[in-house]
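Some structures are shown below for you to check.
Heads up, the next two complexes both have chain A, just with different partners, chain B and then chain C.
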Partner chain A sequence: MAKTFDQYFEDLRGTRVWRSIFRSGAGSSTLHRALAIQQNVFLHLFSTKVRTRMLSFSGTWYLGTLTLGTFLILVATGIPLMLYYHPSAPQAYADTKDLQFVVSSGLFLRNLHRWSAHAMVFLVFAHMFKVFYRGAYRTPREFNWVIGVVLLLMTLLLSYTGYLLPWDQLAYWAITVGSNIASAVPVMGDKIHFLLLGGHAVNANALLRFYVLHCMILPLTAMFFVAIHFWRIRKDGGLYSHASEPATLRANASAVATTAKEAQ
Partner chain B sequence: MADSKDFTAGIDSNAKKSPRRIVFITRRTSAQVKTADEEQVQSFPEVLFRAVVAIQVLAIALVWIALVFNAPLEGLADPSHTPNPAKAPWYFLGLQEMLHYFPPVVAGVLAPGLVVMALVVIPYFKVNIEAEGLFLKDRLRRLRVFYFVAIALSLFLLFFKVYAALVPTLIMAAVMLLAAQSSPQSPSAFRRYLAARPLSYWVMTWFLFELVVLTAIGTFFRGPGWSWVWPWQGS
Partner chain C sequence: MKEKLKSLWQKLFGDSVRAFGVVSLVFLVSLAIAPAKNYFSEWRHYQHGYLKMIRNRSDAVTLQRHFQGGIQQIWLPDLGVVDRCTSCHVGLKEASLADVNVQPFRPHPVIPHKLDQFGCTVCHRGQGAATTVAEAHNSTLAWEQPILPAKYIESSCGECHRGPLPGVPQLNQGRHLLSRYGCVRCHTVKLPDATTMKPTDDPPSLEHIADKTTREWIYAWLKDPQAYASTATMPNFKLSDDDVRDISAFLIANSTPLPGDTATLTAKAPTDPTAGASLYGESFCASCHAVQNAAGNLVGGDLGPELTRIGSKVRPEWLQAWLRNPRDYDPETAMPHYRFNDPQVATFTGFLLAKTDSDLLANVHLEAATPEQIAHGKRLVSDYGCASCHEIGGIKKPENFAPELSRIGSKPITQLVFLPGMQHTLPDYVAAKIKQPRWFGQALKMPQYSFTPAQIDSLATALLALNDRAATLPPSLTVAAKLESDYQPAGKAGKLMTDLACFSCHRINGHGGDMAPDLTWEGSSVQREWLVEFLKNPNTLRPALVRRMPRFNLTDTEANELTDYIMTVYQNPAIDRDSMPLSGYPQGQVELGKQLFYGKYACQGCHIVDTKTDKGYIGPTLTNVGSRLTAAWIFEWMKNPQALRPGTAEPNRAMSDEDARALTAFLISQKGGGKSEVAKK
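Take a look at the complex of A and B:
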C-alpha cells in the first residue's frame, strides 16, 4: 500500500537527524504542537496558543505579519544586491546601472527591494494606526507600543539611508534636502549634520556612512527591537482583544453584580 | 501613661493618611470572578500557517509590482545641478511641506520631535486608557477648552497662511462639534459613534488627516520653487 505524503513527512520527523535538529520530535498531539513553538529558538518568541477570535482578519488586518514579510523580502533581496554594489562615488551609480542592464535579474532584484521598502514604510504606519484605533496600547502593552515607535523610526531611517545608495540625482538631492533639516537643530545642528554625512555636504563619505548604516547597523538594531516586540506580545497576554481584557471582564462582572443587586 | 504603645488605634476620615480596605461579599457574587475560558487554537500549525499564507500573498503582490514597474533611476548625482523642485522621499514630504511655511527649527526639529514624544506617551495617560467620550463628562468646560484650542490653532495656521493644514483642522473641528452635539442615546449610529470617541481619538485622527493631506500635497501638487501645480500640468 502506497504511503501518503503526510506519512512520509511523519517518518521524516521521526528520523534521528530531524529530531536532532528540531527538538519537538514527532507526533501531532497538542503537546507536540505546543513544543514545536516552545522548543524553537525563533518561534518561542510567540505564544503556543492564540485566541481564536484574533485570527479574524478584521482584528489586525495582519498588518504586523505583513510588515515582517516586507522585512524578510528586503533582507532576501538586499543581500544579493550587496554583492553587485560598491559604496563609492561614482562607482555606486555605475553598479546600479549594471543592475538595471547587465546583471541577470538585477533589475527585478532592485525593483523588488525598492517597492518592498516603500511597502514596509506604508505598512508600519498602517500597523501603528490600526493598533492605536483598537486601543491595543493599553496596560500592560504600553512599553511594546513604545518599542513600536522605535521601530517606526528605525524603518524610516532604513528607508532613508537606502535612498542615497543608487547615487543618482534623485538620491543625492533627496538626502541633501533631508539632511539639511539636521542643521536646524539648535546649538549642535551643524555638528550633527557633519557627523551624519562625514562632511559639510553629501559626498563619498556620506555614501559610505549610509551604506554601513543601511546594511549593518540599522538592520541589526531593527532585528533586536523586532525580537523584543514579538516576545512582548506573548508576555503581555497575547494579541489585544478588547472583549478578553481583564479590565473589560472586571467591568462586565461588576455590571452583572449591580444588576443582580437591583434584582434583589 | 504607664504603657507607651508605639501605635494608636482609631478611625480617621482622611483616606490618604489611614487607608482601609473593606470588602463586601454579597450572597450572589463570589469574590473571584471566573469567566468562561475563551476558545484558543494552537499557534503551530494554525497561526503559523496563516502568517505564511499572508506573507506569501504579499510576496506575490510585490513580485508582480516589481515585474511591471521599474524603480526610478535618474542621471548620475551632480552637486552642481539642483533639480527644481528637490524632493525628499514621499514619507518626508509632509515634513517638507511644513518647511515651506515655518522656519526649519520649527518644522524640521520641533514638530517631528513633538510628534514622536506624543506617540511615545500615548499609553501612559490615564485619559487614553479609560477612553471615554470626550464631551460626555464635564461638557461645558471641555467645550470651552475645545473652542479655545481650535480657534487658537486655526488663527495660528491662518497667520502663517498654512491653508493646507488649516482646511483639515477646520473639518476636524466641525466633526468634533457634531460629536459634542451627539449623545450616546442618539438614534443615528454615526452620532452614537461620534459621541463615544475619546480625546486621543480626535488628536490622532487630526494628525492622520494632516499627515495624509500634507504628504499628498507635497507628492502631487508641488512643482518648481515649491509652487502649487496640478498633477496633470506636468513639469
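Take a look at the complex of A and C:
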C-alpha cells in the first residue's frame, strides 16, 4: 500500500537532519507544537497558541498579515531594483528609464514595488482603524499601539523617501514641498530641513541621503519595530478577542455571581 | 443568479486548499504576464519584420550579416546620448535598401556625419532611451520633447554649428532674419559662445524726424508700414487711430531741428527728363535701394530703404541735405557720401520727389496736437518700446523689453499657453507666435510682422537651435562662428573710408559687408596706378556683372591718399609685391604660359584674354590684368587661390612653380588696350 503524503512528511520529520535543525521532535502533541513555535528564531515572537476563532477572517481581516506581505514584496522587489539604480544626478533618471525600456521585466519590477508601496500605506491605515474601532488598543496593549504608530510613521517615511528616487519633476517638487513643510517646525525647522536634504535645496546630496534612508536606515528600523510589534502580541496575551479579554471575563464572572446570588 | 455565484465561490474558495490553489494560479498567471510582455515587445516585432523583409532580397546575405538582434544602442557620454532607435530602425546604414519605403526600415539619407558619432536624438530629438514607438516619438508624461518635425530639422545643425553653414539655407536665413528684422533688439539672445546676437537692421534715429518728414506721413506709416513700402522691416503695431495720432504728435513735438536740413538749393533741376534716371543708374543706387517697377516687381538691393514712394515721405530740403552728405543727419548711416555737386543734387531731388503715391496720405487729416495728446503719445512710445530700436530724444532705451530667447528651444511645454485647437508642441507654438503674436492676447505688445510662411519656418528653425544642448555642449564639439571684428581703419584715410562707407559693401580684416570683394590684401594684389584710376572712375571687372562700385566723385588728393593707405596697410605678409617684375619676362616663358593657359589649364573656360576668341564670362576679364595685378600676387594666386581668398570659385590646380611662373609671365604681358577698357562701365 502506497504511503500518503502525510506519512512521507512524518518520515522526513524523523530524519536526523531535520531533527538537527528543528529540535522540537516529531510528535504532534500540544507540547511538540508549542515547542515548534517557541524554538524557531522567526516564530518564537508569536504566541505558541492562538485561538481558532482569531484565525478566521472576520477577527482581524488579516490586515496586519497583509501589511507584512506587502512589506516582504517591497523588500523582495527593492533589492533587484537597487542593482540597476545609481543614486546620482542625473544618472538616476536614466536608470529608471533603463528599467522601463531595456531591463527584462524591469517595468514590472518597478510597478510591483510602487503598487505594493501604495497598498502598504492603505493597509497600514486600515489596520489602524480596525484596531481602533475594535478597541484592541486598550490595556494591556497600549504600548503595542504606540509601536504601531511608530510603524505607521516608518511606512510614510519609506514612501516619502522612495518618492525622490526616480529623480523626475514629480519627485523633485514633491520633495521640495515636503521638505519645506519640515522647515516650518518651530525653532529648529531650518536645521531639520538642512539635515534632511544635506543642503538648502533638493540636489545630489538630498538624493543620496534619501537613497540611504530608503534602502538602509528606514527598512532596518522598520524591521526592528515590526519584530517588537509581533513579540508584544504574545506578551499582551495574543490577538485581541473580545470574549476572552480579562475585562469581559471579569464582567462575565460578576454577572454569573450576581445571577447566582439572585438565584439564592 | 445569487445561487450560481454562491456555488462558484464554494467551488473556488470553498476550503483552504481550493482557495490556496486558486490564489496561487492567479498569482502565477499574473507573474507570467511580465516575461510575456517582454517577449512580445515592439522592437522584437520590428526586428522579425525586418528579417522577413530582407529574406527574399538579392542582397539578403550581406544584410543578414550586418543585422544584429536584441536591443541596440548608440552611447555617447560626451553628448549625454543613449539612443536605442537602431533597435527598430535596423536598416539605417544599409545604402542598398534605398528602394524600401516602409518605416522603420528605410536607410538614412546621406548626411555629413556618422550615425555612430552623433546618434539620432541630437538631430531628431525625441526620447532616445525608449524602446517603444509611442514613448520614443511622442511627448509623454515623463518626456516633453517629441520628434522634431522634419521641416525644422536644420535647427539641430545649429546646435553645434554656430556660424553660417553651407547646406542649411533655412537655418542661415532664420538667423539672418533674427538680426535683419531687429528681433534681437527687444529679445536678448545670448549665444552659447558668450556673445550676444547683434541686430543688422538700421532703424533711423527719430531725434530730428520733423526735418525729414511730415506728421501725416508718420501717421500713415505707423498705421501700416507695409502700405508705404512692402519691404519695410518695421512691423505693424496694430495701433488705433487715436494712438497713431498721439504718437505722431509726440514725435514731431519732440524733434529738434538740424541747421543743414533747412538750407534751400539754388541749382535748378535739369530740363532733360531722363537725367535723373540715368544719374540714379550711374550711381548704382539700386545696389542698395529697391524701387517697385510698373509690373509691381521690386528692382534693387535691400541694404537701404525702398524708394518707391519716397516723394510722399521726405521734405525736399532734407532730401537735398541728405544727398549732399548723409552723415550730417546720421553719422552711422551705411550710405556713402557721394560728393555730388549741386546740379547733381538738384537732379536727384527732382527725380526722387516724383516718386509719390497720392493714395498714401489722401485720408490723413490731422488737427493741431494738444498737450494731452503729446503726453499720451510719449506714454505710448514708452509702452511699446519704440526706443528699443529708434533713438528718441528724452526716452531711454529699455533693457530686456521682451522675454529673453537664449534658451527658447528648450522651453518646457508646461510653461506655454496654447491656443484652442493648436498642436501642443514647441515648434508650433513658436511658429504661431511669430505668425500672429496677438492671437495670444490683444494686450500683448509684440507687433505683427509680414513674414512669409517660409520665413516663419526659418525663424522657428533658428530659434529652436537655441536650446539647452547648444548651451551646454562641450566646446570641443562646437564649430564656432567667425566673429565679426570691430576693425576700424585709422587716420585720415580711415576717416575717408568711413565717409565713403566702404564697409557697407567691402570686407576688411573680418569687418564689413559681403556685396563687394574682400580688400584685406588688396595692397599686395593690385598695382598703384590702376587703383588710383579705379577709385576715380570704377569699372566692372567681370563681363557678366552689370553692378559695379559707384563713382564717388573723389578728388585726385582723396584718391591718392586712399590708394597710399591701401597699398601700405592691406598687405599679405606672405607676398612681397616687388619680388617679381611687372615686365621683361623672356618671350619663351610668355609663350609657354600662353600654351598652358589655352591648353593644359583651359583658363579661357572662365576668363577672357582675347576678346575675339575667348568666351569665358565667369571669372574677371583678363585683357588688362597685366596693368591691374602684381606679378607676385598672380604667381601666388596660381599656386593656391583658396589660401588668398577662401571660397573663391577659382579652382586650385596644384600648379608647379614652373607653370605658375610661366602663366604669370603670360598674364602680366596682358596690358590691354589701356584706356578703352577702363572707360567702359
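Miscellaneous remarks
Basically, the second predicted complex is superposed on the first by the 255 of 264 C-alpha atoms of A that agree within 3 Å, B and C clash if a C-alpha of one lies under 4 Å from a C-alpha of the other, contacts with A are read in each partner's own complex, and residues count from 1 in each chain.
Operating definition for what follows: a residue touches a chain if its C-beta (ideal position, glycine included) is under 8 Å from a C-beta of that chain, and two chains touch if they have at least 3 such contacts.
Note that the coordinates shown come from a computational prediction; the quantities given were computed from them, not determined experimentally.
Once the two complexes are laid over each other on the shared chain, residue contacts for A:R250 go to chain B alone; chain C is not touched. In the superposed model, A:Q91 lies in contact with neither chain B nor chain C.
More residues of chain A are in touch with B than with the other of chain B and chain C. In the superposition on chain A, contact of A:S104 is made with chain C only, not with chain B. When both complexes are overlaid on chain A, the residue A:D168 reaches chain B and chain C alike. In the superposed model, A:R138 lies in contact with chain B only, and not with chain C. In the superposition on chain A, contact of A:T221 is made with neither chain B nor chain C.
Of the two partner chains placed by the overlay, only chain B lies in contact with A:I73; chain C stays clear of it.
Of the two partner chains, neither chain B nor chain C is touched by A:Q39.
Put simply, chain A uses residues 97, 100, 108, 168 to touch chain B in one complex and chain C in the other. On the chain A side of its complex with chain B, the touching residues are 30, 33-34, 36-37, 43, 46-53, 55, 62, 65-66, 68-70, 72-73, 89-90, 93, 96-97, 100, 107-108, 110-116, 118-119, 121, 125, 128-129, 132-133, 135, 137-139, 141-142, 145-146, 149, 152-153, 156, 159-160, 163, 166-174, 176-178, 180-181, 183-186, 201-203, 244, 249-250, 252-253, 256-257, 260-261, 264.
Those residues of chain A lying in contact with chain C across their complex are 94, 97-98, 100-102, 104-105, 108-109, 168. Contact residues on chain B toward chain A in their complex (touch as defined above): 26, 28-29, 33, 35, 38-48, 50-51, 54-55, 58-59, 62-63, 65-67, 69-79, 81-83, 86-92, 95-96, 99, 103-105, 108-109, 116, 119-120, 122-124, 128-129, 131, 200-201, 204, 208. Looking at the complex, you find that chain C touches chain A at residues 33-35, 37-38, 71, 73, 82, 84, 127, 129-132, 135, 142.
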